[in-house]
Structures are given as C-alpha cells and as structure tokens.
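In the two complexes that follow, chain A is the common piece, with chain B as its partner first and chain C second.
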Partner chain A sequence: MEIDIQTWAKVAAYTGAGIAMGCGAVGAAIGEGYTAAQANFAISRNPEASGDIFKSMLVGQAIAESASIFALVIAMILLFSNFSGATTIAISTFLAAGLCMGLGAIGSGVGSGFPAGAACVGMARQPAMSGRLTTNMLIGSAVCQTPAIFALVTSFILLFTNFSDRPLSPTWAAIIGAGLASGLGAVGSGLGGGLVAETSCEGSARHPDTAPASTNLMLLGQAVTQTTAIYGLLISFILMFKQFPASDSLAPAMALLSAGLCMGIGAIGPGIGEGFTARSAVQYISRNPRAVAELTRTMLVGQAVAESTGIYALVISLVLIFVI
Partner chain B sequence: MAIEGAEIIKAASFLGAGLAMGLGAIGPGIGEGMAAAKACEAIGKNPNEAGLLTRTMLVGQAVSESTGIYSLVIALLLLFVVS
Partner chain C sequence: MENLGSVHQLIVPLFGHNMVFNLEVIVMTWLVIFFLLFFGYLAARRKARLPEPIQATGELFISQLYSLTEDALGEDLAKRYSPMICGLFMFLLLSNWFGIFPLFEEPTKDLNTPLSLGLMGFFIAHYLGVKTKGIKKYTKAYFEPIFIMMPLNLIGELAKVVSISFRLFGNIMGGAIIILVVSHLTYSILFPPVLNAFFGLFVGTIQAFVFTMLTVVYISVQVK
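Up next is the complex of A and B:
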C-alpha cells in the first residue's frame, strides 16, 4: 500500500498536536492545583481576607494557564494546517513544533503555580501587604513564563519557515533537534524560576520591610535560572538557521539530533538546581536582611558552579554541530 | 540506500555522546544547587562563618561535579576517539 506525503504530513501534524496539548496540560494543571490548595489553606487561616485571596488565586492561575494556552494554540495550528502543499520535510517540522511546545509548557506551568500559592498564604498572614504581594507574584510568574514563550517562538519559527529548499537529510534531524532543545530546555528553568518566586512572596509577607530586597534578589536569581533555557534557544536557532550540506549518510543527521537532545536534557538539571539555590537565598534575605552581601555572593557562586554542567552540555552540542 | 556498519557505529556514538552529556548534566545540576541552597541558609543563620561555609560548599559541589565531568569525558571519547 502506497501512502503519499500529504498523508504522512497529516500523521505527523496530528501526532504533534496530541503531544503538544497532552504534555502542555500537565504543568499548568499541577501548578493551578497547587495554587488552589494553598488558597484554601489561606482562607481557612484567615477567612476575612477571602476576597483578596480569591482574586489573587484567579490571577495567579490565569498566568499559570497561559503556558497551556500556548500549547493549545500550537495544537490548533497543527490540526488546521493546509496539507495540500506539504513536502517531506513538513513531517519533521510538524512533529518538532508539537514536541517543542508540549515539553516547553511543563516547567512554566508548574513553576507559575508556586508564587501564586505563596501570595495567597501571604495575604492571609498579612492582609495589608496584598498589593505588594500581587505585584511580586505577577513579576515572578511572568519570568517563569519566559521559557514557555521561548518554546512558543521556536514552534512558530518551525511552523512558518519554509525548509523545503534545504536538503532533506540532515535537515530533518536538525529540525527535530531544534524542537527538543527549546522544549526540554524550558522545563528546568520554568520550574526553578517558580521556586525562587515562591519564597520571595512568602518572605515579603513575613517581613514586609524586606520586600524590596527580596524582589531584587528574586529577579537576580531568576535571571540566572533562565540562562539554561537561553542556551536551549540558542542551539535551536543554530539548528534551524544554519544551512547543513546534503548528505546521504546517517551520522551527520544523528549528530544534529543529538546536539538538540544533549542541550535540551542538559538544561533541566542546572535550571532546577539554580532555582533551589536562589530559593534559599531569597528565603534567608527576609529573615536576616543584614547578610544581603554574603547571601548574594554565595548564591551567585553556587549558581555558577551548578551552571557548569549546563555549559558542558552546550559545549558538546556545539562540537556536535560545528566540529563533527 | 545501503547503510554500512561503520556508518551506524558513527551515528550511534554521536547519539550516545549527546545522551551521555545531556542526562549526565541533570544530577550534578540539581545536586550542586541543593548544596548551594543549604550554604545560603546557613549563611543567613550565621553570617560570621560565611568564609568557612562558602569553602565547604565549593568542596562539596566539586565532588558532586565529578559525575558531570565523567559524562563530559565519555562524551568526548565517543566523539573523537571511538568513532
């Protein structure tokens, strides 16, 4: 039985849409569930502040939801694409776009739930701080969403770039690799950024006078956790925009696929680990504001060391792309 | 298109190198982050011992980094020596 290219393109697009929405729903659902649980806890502690807590829960959940809305958008585009002019390379772009957005939404969805939950509990503890807590939560959650936005950007580029003039092999592998690098690379940074923002919201409620210092250190810590997602995005861009010479053999294709996988998986650990570090630093800056200098320095040194394995992964990816 | 044995070995060693470094980076990344987290907590509780705590943190992180370096070595061997 002969199956034509259009049929295979449809198979890839529908599979990609399933992966995008299936994986994309995991993170946001966990994050929002955590927020709601914390909101319930907060209301039971201080029922008089229930109005503010309820509002803050909904706002926080709406931000966590955005990661899965990105996945929904990509899934819809994949389902309703025009398959009549599909070329062979479209099979891998559809699959890669779905994988990228599905995996990329997991970390940000879970991560955004943490600050929202902490803001709800903080409002029960310190109702006068609800304005400041909401601002802090919004900033923290917005930074958590950036890895998902990187994944969305990569998916859009994959879907709307014409790769048909490139040689089929090894471009198909470069495209799948690009999707995996951005998608997997977003998991750790999204999760890590959420951990940092959680303790910042908690600390601002416990010790309102340290709120500005806490927000500053949160932003610094989150910026470092985002670096591994940026490495993933960088490798995706190289894989998507570099012209690779045509080759019939399997090895160059596997090198490009492997470069994407290496950077994507390698970014998960440092992203989460740096999040843990910054989380503790932010927590203790509100308990002991006089130790700001020591805490900031130790946090940055610790994060730099945790970053090293992410940099090894970047080096191996670059070697796979440019040297091999 | 016939794929030769040498070609498959090369392709597998590239894929193996990527997986080795990628998966190998997860553990040290999380572990070193936890070590640094506890160092930050301890400095928050007792800032006078910041020097000692930072030194201990760095030694601990260096040890947990070793598995990441093993992964890097294996990845480089797969890329440049084996294939």
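Up next is the complex of A and C:
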C-alpha cells in the first residue's frame, strides 16, 4: 500500500493533536486537584470563610486551566488544518507543534495550582486579607503561565510559517528540535514559578504587613526562574529561522535535533531549582521582614548559581547548532 | 489569520546593505511617546497642593517608582536614575496596553523594542558598575570563582539581555496571537473583551513592572 504525503501529514497532525491535548491535560488537572484539596482543608479550618474560599478556589482553577486551553486551541487547529497543499516538511511541523504545546502546558498547569491552594488556606487563616490574597494569587498564576505562552508562540510560528522552501534534510530535525526546546524548557519553569507564588500567598496571610514586599520579591523570583524557559525559546527561534544548508547525511540533522533536546531537558532542572530558592526567600520575608535586602541578594546569587547548569546546556546547544 | 506575523517594512539600501524599518512599530512607538508627553503636560499643567486626579496619577507613578529605585540602589543613585526607571515603566505600560485599542498594535510585540530597552539597561548597569567599583574590581568579578569560568560568566551576563527582552516579547506576542486566533475561532463573540482585559491590561501591567524591576535589579547587582 502506497501512502501519499497528504496522508502522512494527516497522521502527523492527528498524532500531534493527541499529544498536545493529552499532555496538556495532565498538568492543569493535577494543579486544579491540588487547589481543591487545599480549599477543603481551608474550609474545615475556618467554615465561616467558606464563601470566599470557594470563590477563590474557582478563580484559581480557572487560571490554572488556561495552559490546558492553549493546548486545546492548538489541538483544534491541528485537527482542522488544510491538508490539501501539505508538503513533506509539514509532517514534522505538525508533530513538533503538538509536542511543543503539550509538553509546555504541563509545568504551568501544575504550578499555577499551588498559589491558588495557598490563597485558599490563607483566607482561612486571615479572612480580612481575602482581597489582597486574590490579587496576589492572580498575579502569581498569571506569571506562571508565561512558559506555556512561550510554548504557544513557538507552536503558532511552527504552524503558520511556510517552511516548504527549505531543504528537507536538516530542516525537519530543526523543526522537531525547536518544538522540544520550547516545550520541555517550559516544564521546570512553570512548576518553579508556582512554588514561588505559593509561599507568597502563604506569607501575605501570615504577616499582612509584608504583602507588598512579598509580591515584589515573588515577581522577581518568578522572572529569574523563567530564564531557562527563555533560553529554550531562544534556541527554538534560532532553529526555526536560521537557514541550514541542505545535506543528505544524517549527522547535521541529528545535531540540530539534539540541540533542541539538550536545551529542553537542561532547562527543567534549573527551573525547578530556582523555584525552590525563590520559594524560601519569599517565605522567610514574612517571618523576618527586616531581612528583605539580604534575602533578595542571597536569592539572586543562589539562583544565578543554580542557573549555571542551564547556561551549560545553552552553550552546548549553540555549539551543536553553529559549530557542528 | 493569513496576515499573522506579516510586517510592513521600509527597506532602504545603504552602501550595499539594506536598512529595514518596521513602519508600524515606529509609528506606534511615536504615538506612545506622544501620549506620554501629553499626559505629562496635563499632569504638570496646573500644579496645586490639592491635586486634581491627573496630577495625583502622575505623582503616584513617580513616588512609587522612586521608592522602588531607592530600595534597590540607595538614595544617591535613586535621585539620578529614578526618572529613567519611571519613564521606562510608563512607556512599557502604555505600550503593552496599546493593543486593546482597535487598529493599534503594541510596539513591544516586535522584538526590536524590548531588545533595545534591554540593551539600554545592560549598558547603564555596566557603566555604573565600572564607575562605582572601578575597572579593576569590575573586571575581577568575571574571573570568580576561578578564572576558567570567565567565558561562562560573560555568557551569563549577555544572557540577561536575552532573557529580559524575550520575556516581554514572548508574553505580549503570545497574548496578541491568542486574542487574534481565539477571536477568529469564535467569530469574535463574547471572548475578545475578556481576553483583551487579561492579556492586554493584566499581563501587560505585570510584564511592564517585571521588566522595570529586573532593570533596577541588574543595575543594583553591578553597583554592589
């Protein structure tokens, strides 16, 4: 049986849609479940505040779900694309777009469940702070979505850029590598950003006076935590927009594929690790507000050291792309 | 959907190289600057002890960003650099909000805008680093903990520019794409106002603040 290119493109698009929505559902579901669990705990602790807690649980879950909704959008676009003019390169773009968005939604989904859960518990502890806690939770969760948004940008560029004039042989690998770099790179940072926002909500409830300082440090910590996801985005952009010379040998193609893999996997660890660092810094601001300056400095230095492994991955990826 | 990512460009050949101008970005940037100047004129027009709402808004921006800068840099540097930080924040805020008006686009949606602002922060930070610590101590910081780490420290320093600018660009670009695509898929029913409020106003504000705060922190890391 002879299978033509259009059929292969359909196979790739349907597989990509499956991966996008399947993986994309994992993270948000875990995050939302965690939020609901914390809300139950909070209501049992302070039943009078149950109205506020219930509302904040629903809002938090809605934000946690947005990563999953991005995956849904990509899956729908993949399912209803126009396959009539599909070229061979389209096979890998469909697959890469699905992979990128699916993997990219995991971290942000799990991560943004944490601040919502902590906000619910905080409302039980300190019902007067519920407005401030909701704001803090919304800001924290919105920043958590950033890595998923990076994955979405990469997926869209993959889907709507015309790659058909590029040589097939190394380009297919570059495209898959681009998807993997952004997708895998978003996992750690999404999760880490959630950890930071969790303690910020907890600390604001514990010591309301420190809430502004805690929000500021949370934003700073989350921003630095996302750095490795941004390296993933950078590698994706280079892989998508650099013109690679045609070659029949498999080696250059594999170098590009592994450049994406290297940056993607290498970004997971620093993302989570930097999240732990910032999490503690934010947590202890509410315990000892006078140490803000020292905590900020220690957090930045600690994160810079934790990030050095991500920079090694970036260097190796750049060597794989430009030197080999 | 088809014009996603298309840019109107003016290409001027100059000594064998092409100079490319992204027209929309330039026009939108000038519009943002014009609106900010107009806001400044209105805020300072009738200065009164009992301020009118617009003067109070201007004072709010200035006092909040001054205290942010003072916390990180100390009083001497804050007096000199807080106007720049305040200007940076207000420019980014209005830029990120610009997309919610019909026919307008965010200047920050184009990578060139965040990248140039990031480079500005980078150069200011390193200029101040050399000025306050002296060239010897400044250079020595790159050779720590051991001198082999020099290339990696250098890349880490350059990666800061990449990370600060791509963060803003990715968020604003992603928001714009989501608004465009979801509006297209739902025939612009019900969803666009909600999406504009979230990605335009809310995420735009947060990202403008994050960019400003990171610029301040990068400066303070060099100074201390």
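Quick notes
In the analysis below, the second predicted complex is superposed on the first by the 324 of 324 C-alpha atoms of A that agree within 3 Å, B and C clash if a C-alpha of one lies under 4 Å from a C-alpha of the other, contacts with A are read in each partner's own complex, and residues count from 1 in each chain.
As a convention for this text, a contact is a pair of C-beta atoms (placed from the backbone, for glycine too) under 8 Å apart; a residue touches a chain by one contact, two chains touch by 3 or more.
This structure is a prediction, so every number in the text was calculated from the model and none was measured.
When both complexes are overlaid on chain A, the residue A:299 reaches chain B alone and has no touch with chain C. More chain A residues lie in contact with B than with the other chain of the pair chain B and chain C. In the superposed pair of complexes, A:308 makes contact with chain B and with chain C alike. Residue contacts after overlaying the shared chain place A:62 against neither chain B nor chain C.
With both structures placed on the common chain, the touch criterion links A:272 to chain B but leaves chain C unconnected.
When the two structures are aligned on the shared chain, A:254 is found in touch with chain B, with no touch to chain C.
In the superposition on chain A, A:284 makes contact with chain B only, not with chain C.
In the superposed model, A:188 lies in contact with chain B only, and not with chain C.
Touch criterion not met for A:11: it reaches neither chain B nor chain C.
Taken together, the two structures place residues 297, 307-308, 312, 315 of chain A in contact with chain B in one case and with chain C in the other. Within the complex formed with chain A, the residues of chain C that make contact are 1, 4-5, 68, 71, 152, 155-156, 159, 162-163, 166-167, 170-171, 173-175, 177-178, 181-182, 185, 198, 202-203, 206, 209-210, 213-214, 217, 221, 224. By the touch rule above, chain A contacts chain B in their complex via residues 188, 192, 248-251, 253-255, 257-277, 279-281, 283-285, 287-288, 290-291, 294-295, 297-299, 301-303, 305-310, 312-313, 315-317, 319-320, 323-324. Across the complex, chain C is touched by residues 70, 73, 76-77, 138-139, 142-143, 146, 149-150, 152-153, 156-157, 160-161, 216, 219-220, 223, 226-227, 230-231, 233-234, 293, 297, 300, 304, 307-308, 311-312, 314-315 of chain A. For chain B in complex with chain A, the touching residues are 1, 3, 7-8, 10-12, 14-19, 21-41, 43-45, 47, 50, 53-54, 57-58, 61-62, 65, 68-69, 71-72, 75-76, 79, 83.
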